[in-house]
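Labels run A, B, C and D following the written order; every chain starts at residue 1.
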Amino acid sequence: MAYEFKVVRTVEFYETDMAGIVHYSNFFRYMESAEHGFFRSLGFSVVTDNTHQRVGWPRVHAECDYLQPLRFEDDVEIHLLVSEMKSKALSYVFRFRKLNAAPPVEVARGKLTVVCVAREADGKMKATPIPKAIADRIQVAPPEFLK
Amino acid sequence: MAYEFKVVRTVEFYETDMAGIVHYSNFFRYMESAEHGFFRSLGFSVVTDNTHQRVGWPRVHAECDYLQPLRFEDDVEIHLLVSEMKSKALSYVFRFRKLNAAPPVEVARGKLTVVCVAREADGKMKATPIPKAIADRIQVAPPEFLK
Amino acid sequence: MAYEFKVVRTVEFYETDMAGIVHYSNFFRYMESAEHGFFRSLGFSVVTDNTHQRVGWPRVHAECDYLQPLRFEDDVEIHLLVSEMKSKALSYVFRFRKLNAAPPVEVARGKLTVVCVAREADGKMKATPIPKAIADRIQVAPPEFLK
Amino acid sequence: MAYEFKVVRTVEFYETDMAGIVHYSNFFRYMESAEHGFFRSLGFSVVTDNTHQRVGWPRVHAECDYLQPLRFEDDVEIHLLVSEMKSKALSYVFRFRKLNAAPPVEVARGKLTVVCVAREADGKMKATPIPKAIADRIQVAPPEFLK
């Protein structure tokens, strides 16, 4: 049972903007990258799943609080924590830490809520319970981790 | 005195992802595009300003609720509304409407809070009051617009 | 019969990088945007076509020569010209002109070669002749336009 | 003396488009990422240099030939080779290989030419000789590597 995942990446030049910092929209790409790494760490892929049921995970809510800027070649750790789990939805909290600072410093905090959907016979996507094979491997992080 | 701005854009192929819809991070780019159009509509630029004071507008908070997907070649209207104005900060609400639907339908709603900063003598950015020339031209939208 | 298309766009903040200029990869997005506008100008969409045959247009070659930088809020015209037409492939030349200069100045020149493909019964994509309904509306630009 | 650099990355969801493959513009971002990794491998940064002279590396030419698509979660190796070195310019060749294929397969080949520039007293950028500290550590790849 897993409730967290960490990934470290180095800021790319093309992720910066003319203010010299990582464009704020890219924090949402970093979150997604950690989310997909989390799924892979469980043995699943968000796309090519092996649970006998093809599901998708559209976002219904995303947010980010920005505390300090990130710059080119900064090393940033994205720490995903499962903050809520419903039958058809998952919520995550993300903590962004700049590692090349002494001591490392939190630079942003994000949230993401995704819904599990499956394609109906008529081609439309509809919310569906998280497949058991996936749900059985995920739990909500202890409350002290989510403060 | 202005409290709103609207811009329409057509979804580009490169803004979609393999799920066939606009990637969720791009809604934050759409918001920023409307924010900058709003500034230009006031006679200012977020970058090359003409207020005798060079200021920047880093984001401190951004969020989005996703109601329906946007697809390639959809026409989307981004409607910016000023939701809060403090001496050193502005908050916006954004309504995304898909126009090529009958009737047009709201597909997402966003929020953005930005802080006005100026560069100090030591090169650091520090929160500063919004220049009067700008503040004098902006007001908060009527409450019935923000529901 | 059409051999050219022009579109003007204003450089977005999120298209710049920390060097203060449009990131070089974005010129390829601008080319594609003009390519798709060209198709729409012919009454087709690169995706939702109405030619009784569903085709795609993967790129096989792309290039760009950069002459001058583009900056935030510059107005750039992308001028597409059909430079070659084969039974299963199209080549385009793109001229990028910065309009907010006196006189307007060419800032970049690009090339793109795309192949027409259709999905086979086994799901694989295979090069296929350009549908007649499309091919009948396109011609190569006069040589003096392509110098 | 170095003439090559390799980096492996996993394709991100946000790098794909609605055709289900990596958007063609992203290959140019991959090239740049390898270029910057190459510089770091030499002990330099393209931005925060330590050569007593602040230089930049704007692109003058970029191109890519696409052989096969890349998809989400593919592992791609970007192999940079120095193909030409002039007093004020460097050219690179890039080979993209999909590693999660048996055997690994070349999926694209790119080229990039960058010019070394320095900021003049009047603020303008001008081509300048590559700093000796950098030039002394780079050589052109053997011809058999560049075929």
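One rule holds in what follows: a residue touches a chain if its C-beta (ideal position, glycine included) is under 8 Å from a C-beta of that chain, and two chains touch if they have at least 3 such contacts.
Note that this is a predicted model, so its numbers are computed, not measured.
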item	value
Farthest chain (mean CA position) relative to subunit C	A
Pair with more cross-chain C-beta pairs in contact, given A-D and A-C	A-D
Distance from subunit B to subunit A - Cα centre to Cα centre, in angstrom	24
Interchain centroid distance [CA atoms averaged], subunit A/subunit D, Å	29
Where subunit A and subunit C are represented by their mean Cα positions, the distance between them in whole Å	34
Shared-contact residues (touching 2 or more other chains) in subunit D	13-14, 18-19, 21, 25, 29, 32, 47, 72
Residue ranges of subunit A in contact with subunit C within the complex	13-14, 16-21, 23, 25, 71-72
Interface residues, subunit D side, partner subunit C - complex	18-19, 21, 24-26, 28-29, 32, 47, 56, 58-66, 69
Interfacial residue positions of subunit C with respect to subunit B in the complex	12-14, 29, 32-33, 36, 40, 45-48, 72-73
